[in-house]
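Contents: one structure, followed by commentary.
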Amino acid sequence: MEQDRAYSLLKAVAEGRVGPDEALERLKVQPFEDIGYARVDTHRGLRQGAGEVIFGQGKTTEQIVGIMQAMEKNGQDRVLITRIGPQAAEEVGRHFELCYNAAARTAVRGGNREPSGIGDIVVATGGTADLPVAEEAAVTAEFLGNNVVRLYDVGVAGLHRLMANLDIVMNASVIIAAAGMEGALASVIGGLADCPVIAVPTSVGYGANFGGLSALLAMLNSCASGVSVVNIDNGFGAGYQASMINHLDRKERQ
Amino acid sequence: MEQDRAYSLLKAVAEGRVGPDEALERLKVQPFEDIGYARVDTHRGLRQGAGEVIFGQGKTTEQIVGIMQAMEKNGQDRVLITRIGPQAAEEVGRHFELCYNAAARTAVRGGNREPSGIGDIVVATGGTADLPVAEEAAVTAEFLGNNVVRLYDVGVAGLHRLMANLDIVMNASVIIAAAGMEGALASVIGGLADCPVIAVPTSVGYGANFGGLSALLAMLNSCASGVSVVNIDNGFGAGYQASMINHLDRKERQ
Amino acid sequence: MEQDRAYSLLKAVAEGRVGPDEALERLKVQPFEDIGYARVDTHRGLRQGAGEVIFGQGKTTEQIVGIMQAMEKNGQDRVLITRIGPQAAEEVGRHFELCYNAAARTAVRGGNREPSGIGDIVVATGGTADLPVAEEAAVTAEFLGNNVVRLYDVGVAGLHRLMANLDIVMNASVIIAAAGMEGALASVIGGLADCPVIAVPTSVGYGANFGGLSALLAMLNSCASGVSVVNIDNGFGAGYQASMINHLDRKERQ
Amino acid sequence: MEQDRAYSLLKAVAEGRVGPDEALERLKVQPFEDIGYARVDTHRGLRQGAGEVIFGQGKTTEQIVGIMQAMEKNGQDRVLITRIGPQAAEEVGRHFELCYNAAARTAVRGGNREPSGIGDIVVATGGTADLPVAEEAAVTAEFLGNNVVRLYDVGVAGLHRLMANLDIVMNASVIIAAAGMEGALASVIGGLADCPVIAVPTSVGYGANFGGLSALLAMLNSCASGVSVVNIDNGFGAGYQASMINHLDRKERQ
Amino acid sequence: MEQDRAYSLLKAVAEGRVGPDEALERLKVQPFEDIGYARVDTHRGLRQGAGEVIFGQGKTTEQIVGIMQAMEKNGQDRVLITRIGPQAAEEVGRHFELCYNAAARTAVRGGNREPSGIGDIVVATGGTADLPVAEEAAVTAEFLGNNVVRLYDVGVAGLHRLMANLDIVMNASVIIAAAGMEGALASVIGGLADCPVIAVPTSVGYGANFGGLSALLAMLNSCASGVSVVNIDNGFGAGYQASMINHLDRKERQ
Amino acid sequence: MEQDRAYSLLKAVAEGRVGPDEALERLKVQPFEDIGYARVDTHRGLRQGAGEVIFGQGKTTEQIVGIMQAMEKNGQDRVLITRIGPQAAEEVGRHFELCYNAAARTAVRGGNREPSGIGDIVVATGGTADLPVAEEAAVTAEFLGNNVVRLYDVGVAGLHRLMANLDIVMNASVIIAAAGMEGALASVIGGLADCPVIAVPTSVGYGANFGGLSALLAMLNSCASGVSVVNIDNGFGAGYQASMINHLDRKERQ
Amino acid sequence: MEQDRAYSLLKAVAEGRVGPDEALERLKVQPFEDIGYARVDTHRGLRQGAGEVIFGQGKTTEQIVGIMQAMEKNGQDRVLITRIGPQAAEEVGRHFELCYNAAARTAVRGGNREPSGIGDIVVATGGTADLPVAEEAAVTAEFLGNNVVRLYDVGVAGLHRLMANLDIVMNASVIIAAAGMEGALASVIGGLADCPVIAVPTSVGYGANFGGLSALLAMLNSCASGVSVVNIDNGFGAGYQASMINHLDRKERQ
Amino acid sequence: MEQDRAYSLLKAVAEGRVGPDEALERLKVQPFEDIGYARVDTHRGLRQGAGEVIFGQGKTTEQIVGIMQAMEKNGQDRVLITRIGPQAAEEVGRHFELCYNAAARTAVRGGNREPSGIGDIVVATGGTADLPVAEEAAVTAEFLGNNVVRLYDVGVAGLHRLMANLDIVMNASVIIAAAGMEGALASVIGGLADCPVIAVPTSVGYGANFGGLSALLAMLNSCASGVSVVNIDNGFGAGYQASMINHLDRKERQ
């Protein structure tokens, strides 16, 4: 594609329709808009198959609104904002209509894409306290057009809770396993499921969990095959990759 | 499926074809063979869609042969042994015909499955020294029936090496990015590709790489979306999950 | 037991008293109640010999009340809530009569079980600042039906304080040793006592104690035999296991 | 007891049967033998209810023999030596008849005590590679007079292997769970069993297991109640404490 | 001394002046007062040659006052309280006359002991921000009867500031070197001085100082001989040991 | 130089123009002013070629003003204060006219030096959140007389943003690369640029970034040559060294 | 430059001298040679102003020779090989004439570039044991055309050794400070010198130096301005950047 | 002293007895000998009151001999070499008569200084395996002229072993407490003794002792006053500082 465009341009130069100076400028053209504090990537939808996502943490309300306006100007009117508090969401909500999820601390503009993909994405958690991270993953996957099945509080200290839902585990296309403390959920699900498992260590716990380190190391060392790991509390990352995997069928049809 | 079998059994009990004692035994039947030092999982092929893999490290030649014999008895004659040195491979090779890969330190019995799946799995490395880990990933993916494209020594210190192969990156179904030191390859590929990226930190480096910790942390903190991580030097894990993802189309057809 | 119930069910099927469909349902029946944000384990009393305990940290007052109502519906009217602040305890106290322990930050509904078991559980601390963790352990053990002897501020910097109470140490059934800083108390008691010692590292200290790491490592490396360790500040875990050990006589009589 | 003896002594002084000088000497008498490089604790059997154990690692053959001779002189002819290689065992074996266990790297002089205690001690492992640590625990428990049930290679990646042996788990008096990598076995067993679980993290694994740290942290953060932890690879410590717990009935009868 | 007292007691028993029961009680007599939350060590002045010090951090005003009252009852009317905030000091000050040092966050009751000892204790700091820790050390040493010379802000980034005061360094009896960041001050002074140097790493800094870890490790690895280290920010510990060293002459005269 | 002055002094002594006592005093003269809590280095401008900089963090407004007054007395009327909040800046601003930069949290008295040096200093950041650190670097470099080019939000997840500005990278004299998370920006720029790159890890991120550790380790392990690293968030240090490098031409002309 | 070439090419297309297809190919041309296991960067000399350097560690003799042959084919006949043992150097020496430095473990083909640059590069070490790292830095700088002054064993424990060489420190263009243990040398030199200091932590030491971590953290936290840090034991990296800095005058003349 | 000498010199200049050139040279005179790979500090005996010590680790036999020859030339014929293996000691022994201590891995030339000082230095260890570190400390203290009392294998797991030697502890001038594992010995002794305690963490242990980290952290966090710490396994450092402290009486007499 990029090559095609370059070839067309070079052809236009060869045919005298475009001068070399102008061609040089075009080759250098920036596929993003510079709004001072951020370079909004207006082509990412095309390149990575997903609408722009704004990582809200550490951004002012003004910055978020500014980025959304730049996106709108480029036709991007579906937006997911992650890690945004209720107050900031309310402020941004004065400029754009938002759907706010308090548990996930996410805000969606423009609604979710129609669910599609190979199958369902299951989001499982070890305990109730892992819910915010799990919801961030679920909301992300839904925003990107996936059917999500929630399977919360099925930690390994009470295995029967997971066992009673084996059918959900077995029918998933991708499973996101979010757990803190010893993070054993990922291994147990990884040993049962026949689909990719994305493990999300959460910072839930205290003492020697060292802010999620215990779950992170446990998940990286999972003795089950088919498990990979994202950053501590990175529900978004898990949801995003799960969606990518669940939509690989689009690639196939190419 | 499990439910189906259980229902059939219960029906047989109801119809008097099977007595309750025997039914109890069947419900408890063990889907693995106990050979003393290991419980060989003879149903895993069914459950997880992949032949048995033996983690060779820390096992004696006798143990490996014993496990392979137990597998053979159960009809499992395709085997992948990982982390096996040349001498051990030679000894095992006296009992079973093996194909040994010295770089990957893997041995395959029974050949690779016919390549299938959604597309190609690309295995990229930052440098030459990451090759053993990358080969373990590549051999695993090939064993499990995937077409693998190798893209070695394309580290970010010479970006043009990666850029010259952008088409390979863009056409991949799944990409495995193996890199040591600062592990930046995963982020750069993650930012370019529109498919899932599985990052494998390698222990390549010295000093403050602390045995792969630097690459591990970098990959977990990747600012690119769509990247997940496996254990340091875990080429097998990356290859296994990549294959799972690349064969999700089978699920779809269900 | 589980097997007995399964056998009875199968027999009922064989005798036509129960149909296979209904049997399947019963086999799948969930021994917990799903209240949305949590799956309350209503059988745990049966399975693990202890009433339900609610880990209060990170739960809203509403969630705690909801869980307690679900437990009550299942006949569980004795409850221990750990890590609950005074305000939350007051709010929950409007729905259920609670006994609040400010030092331990615990709340008990329904009173303690009658003390029983092999002998006394001794809870020792190195200093005054370890008291909250020690009280959590003591309250837990008392809730579960144990006689508890408190032996506070007997740290190794003033050995005579411990030596003057050697008889208490010698007559214990189980000893819980809670200490921060260098955590040496566990080793000294472990070398004196002839009963199991459960060491609880506390986060008491500053600087190179790194949030309890110094005491944790010291206790794990104890040169005294008979010492095992729980998580930093995990008074509940120590009290729970101590109670389990102290009630092993019940097992014996089986 | 100590008090009784002191009282008897004081009484003897009061009655003139013992002079004050001699009494002072007796009060100061050293319950150990100084052999230069080590102070052999000849009263420990009395004090802690167990025969002397020699930690072989880092001791020369001569030192081990010397310690055993000192013990023999004091009537201690049952000895367990841990962490002793085959060659050293052979050399010591020229002076004392030993029973060597190559897997556990232990040597026993004088045979095991007759099995007694509340019930069985179950030693479970996640994988085959955890066997040396598990055997050290098992040999220790047997030496100290316990019946041991071995349950090896029942890791959580294949839960059915553990589930098929639930009766063993349910009937145990104490369970020792030895596992490396993500150490999830302790949590899963802790959630199923109704007896104390002693978790032993092993150094089995590679990469981000950091020499057993991953399993150690996971076990310390276990979400299951009733789990405590010993040092990485400390099979002896687990076996010793398990035996202490299993023999608490002796205390009860006091 | 202890032996003398024991001998006298035994003699009294032999001579019938004291009965065995009473003797037993006396032998067990506790050299501390139990006030519930703390066991005040009323003999420490005798045993360790220093008045009681109260570590204020984590203690309520009531507890501090209670401890001081117990001390007063035993004749201990000189007290140093460390890590006490201005408000707490004010509250305690309503019960006892205190001299509060805001920089050091210390309060002294009963004034300092008359300066004595072998020579001066020099307290040096790398920067202005290390002052609170240095003052804690200085106040402690002064309380215990030492002449203290302050040498602040002589960090190695401007060596001439230290060099201009070489005479102070050279004439010291003990030097306390408090520094954060890279903690090089201890090494430089250690290389210049001919007296013991006690290094106090401070938590001053940011980023990769990891709460004082950088200075701590640097000081432990000092290439200068004669340097030992106390905990991060432990000004009290440094001042206390420095005083002990400076008063060794008392020992000599014994 | 120092030698020259010493020689002149010695000559003056030899010629009787200066007495030995006075000479001794002069040799000992302190090139800094002692104002109690700080020793202001009034010669540093001479020695290190840069005006005095005050590290504001942890200093009271009074201390900052005091230091500035001491500096003024010595003719130093250009001052850079780093890590100073808006309120403190306002208070200091009542004594001295300041130019405050809210993003960088810096205040400048007396304006920037006229830009000079070999070329431009480029300050690049991975994301918007790295801006405060980058601004601290930029302000520092400008204060010290450098032309600064800002290149913000060019992180590796969107390589084209950096590629579109390759000319800026290629024409730099020194490049400061500030990035958090995986810190890959330093490696990518290091591989493209032909000038020294100073990498500044920032604490931007969450979870396994461990306060900037991930970026720090990544940058230290950069596979690109020509990259060195300063402390986490140390924008000042990067700007200072960049200026030193950019003004090496002055040395050359000597 | 890149732009110039692109412009020339586009002009040639416009003037019909080059066809668009050929132009496309030229724009994509790969500036490296793919020899299977490595992609040799044959343009790096142009891009980064330095001949190719081979990191010998982890490469076989055959690989090194292969890379050198590929380089030779592209006219690169000056090569520096780092981290190469004497035996490997001898084997490579059979194919290319090498100058081997046993202390630095480096081998040079084609001799050093003629010394040029702004001034001298000083390489200082804390102790004798830091010599290998220092020599790697010195050899690298010399290979790249710099005059190097060695100043070894001037650690801060004997400050006079450094002070006696102040003139060398003062006249340097760049200083490389290599030190292990507490790494204080970098701070002391950084406080004295008026040129950039590149600190190289070495792994020299034992115990709490944790493989160089103590020196690394100390150097990152240096209170002296103008200090940046490279990886532990990375003499090459320090020498390379020092050379870059020392040759900035070339940039200036552009 | 330094000032006196400088004053005399200046006076001589004033009186014409010394020319300014010569005076300059004298002021610059180097109190060490440069032998290429090391700068032997020939004045240290004067400056720090102790003979030169050679840290043998990482030095070749030739280097050690060379240093000793340089020392001899300067009249330093008493030498202590630490961390020297038996073979190296034998080789050095061909040039100088040495007294080798195999346990301590030390070699002494010229014998120990006559014991003097305030009192005895007690060296205590937790176990037999700490002996090498303890011996290094003892040999160092004896070399520097101290009477040393060894108190080995008195670890806290058997407190009575320490209690039986309380008189030794009570009469010490300085105590060195060397212990690995949980390092509790330092705290227990620190709580009993009334003299300074220098704690030496040893690397003895396994698993979570992390090479001595557990003992190091425990000792730094000691709740006993009067304890300071040296590097892991740094017996020499402890012995050296203990000797400094024990000889402070010399200072007093000044």
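By letter and in written order, the chains are A, B, C, D, E, F, G and H; residue numbering begins at 1 in each of them.
The definition used in the following text is that contacts are C-beta pairs under 8 Å (C-beta built on N, C-alpha and C of every residue); 3 or more make two chains touch, one makes a residue touch a chain.
Since the structure is predicted, the reported quantities are computational estimates derived from the model, not experimental observations.
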Graph distance between subunit B and subunit G, where chains that touch are linked: 1
Degree value of the rotation bringing subunit E onto subunit F, based on Cα positions, nearest 5: 90
Maximum centroid distance from subunit B, chain identifier (CA atoms): E
Listed chain pair B-C, B-G or E-F that repeats interface F-H [over half of contact pairs the same by residue number]: B-C
B-D compared against C-D, more contacting pairs: C-D
Subunit A and subunit E, separation of their C-alpha mean positions in angstrom: 55
Inter-centroid spacing, subunit H versus subunit D (mean Cα positions, whole Å): 39
Interface hub residues of subunit H, defined as touching at least two other chains: 3, 158, 192, 207-210, 213, 216, 220-221, 225, 231-232
In contact (per the touch rule at the top): chain pairs: A-B, A-C, A-D, A-F, A-G, B-C, B-D, B-F, B-G, C-D, C-E, C-H, D-E, D-H, E-F, E-G, E-H, F-G, F-H, G-H
For the subunit E and subunit G complex, residues of the former touching the latter: 126-127, 155-159, 180-184, 186-188, 190-192, 205, 207-210, 213-215, 217-225
Interface residues, subunit D side, partner subunit H - complex: 28, 30-32, 37-39, 41, 44, 57-59, 63, 201, 203, 211-213, 216, 231-234
Subunit E to subunit F touching residues, read off their complex: 128-129, 131, 152-154, 158, 160-161, 164, 204, 206-210
Contact footprint of subunit A on subunit G as seen in their complex: 3, 6-7, 10-11, 13-14, 16, 19-21, 23-24, 27
Subunit D - residues contacting subunit C, complex: 1-3, 47-50, 53, 118-119, 166-167, 170, 173, 192-196, 198, 216, 220-221, 225-232, 236-238, 240-241, 244-246, 248-249, 251-252
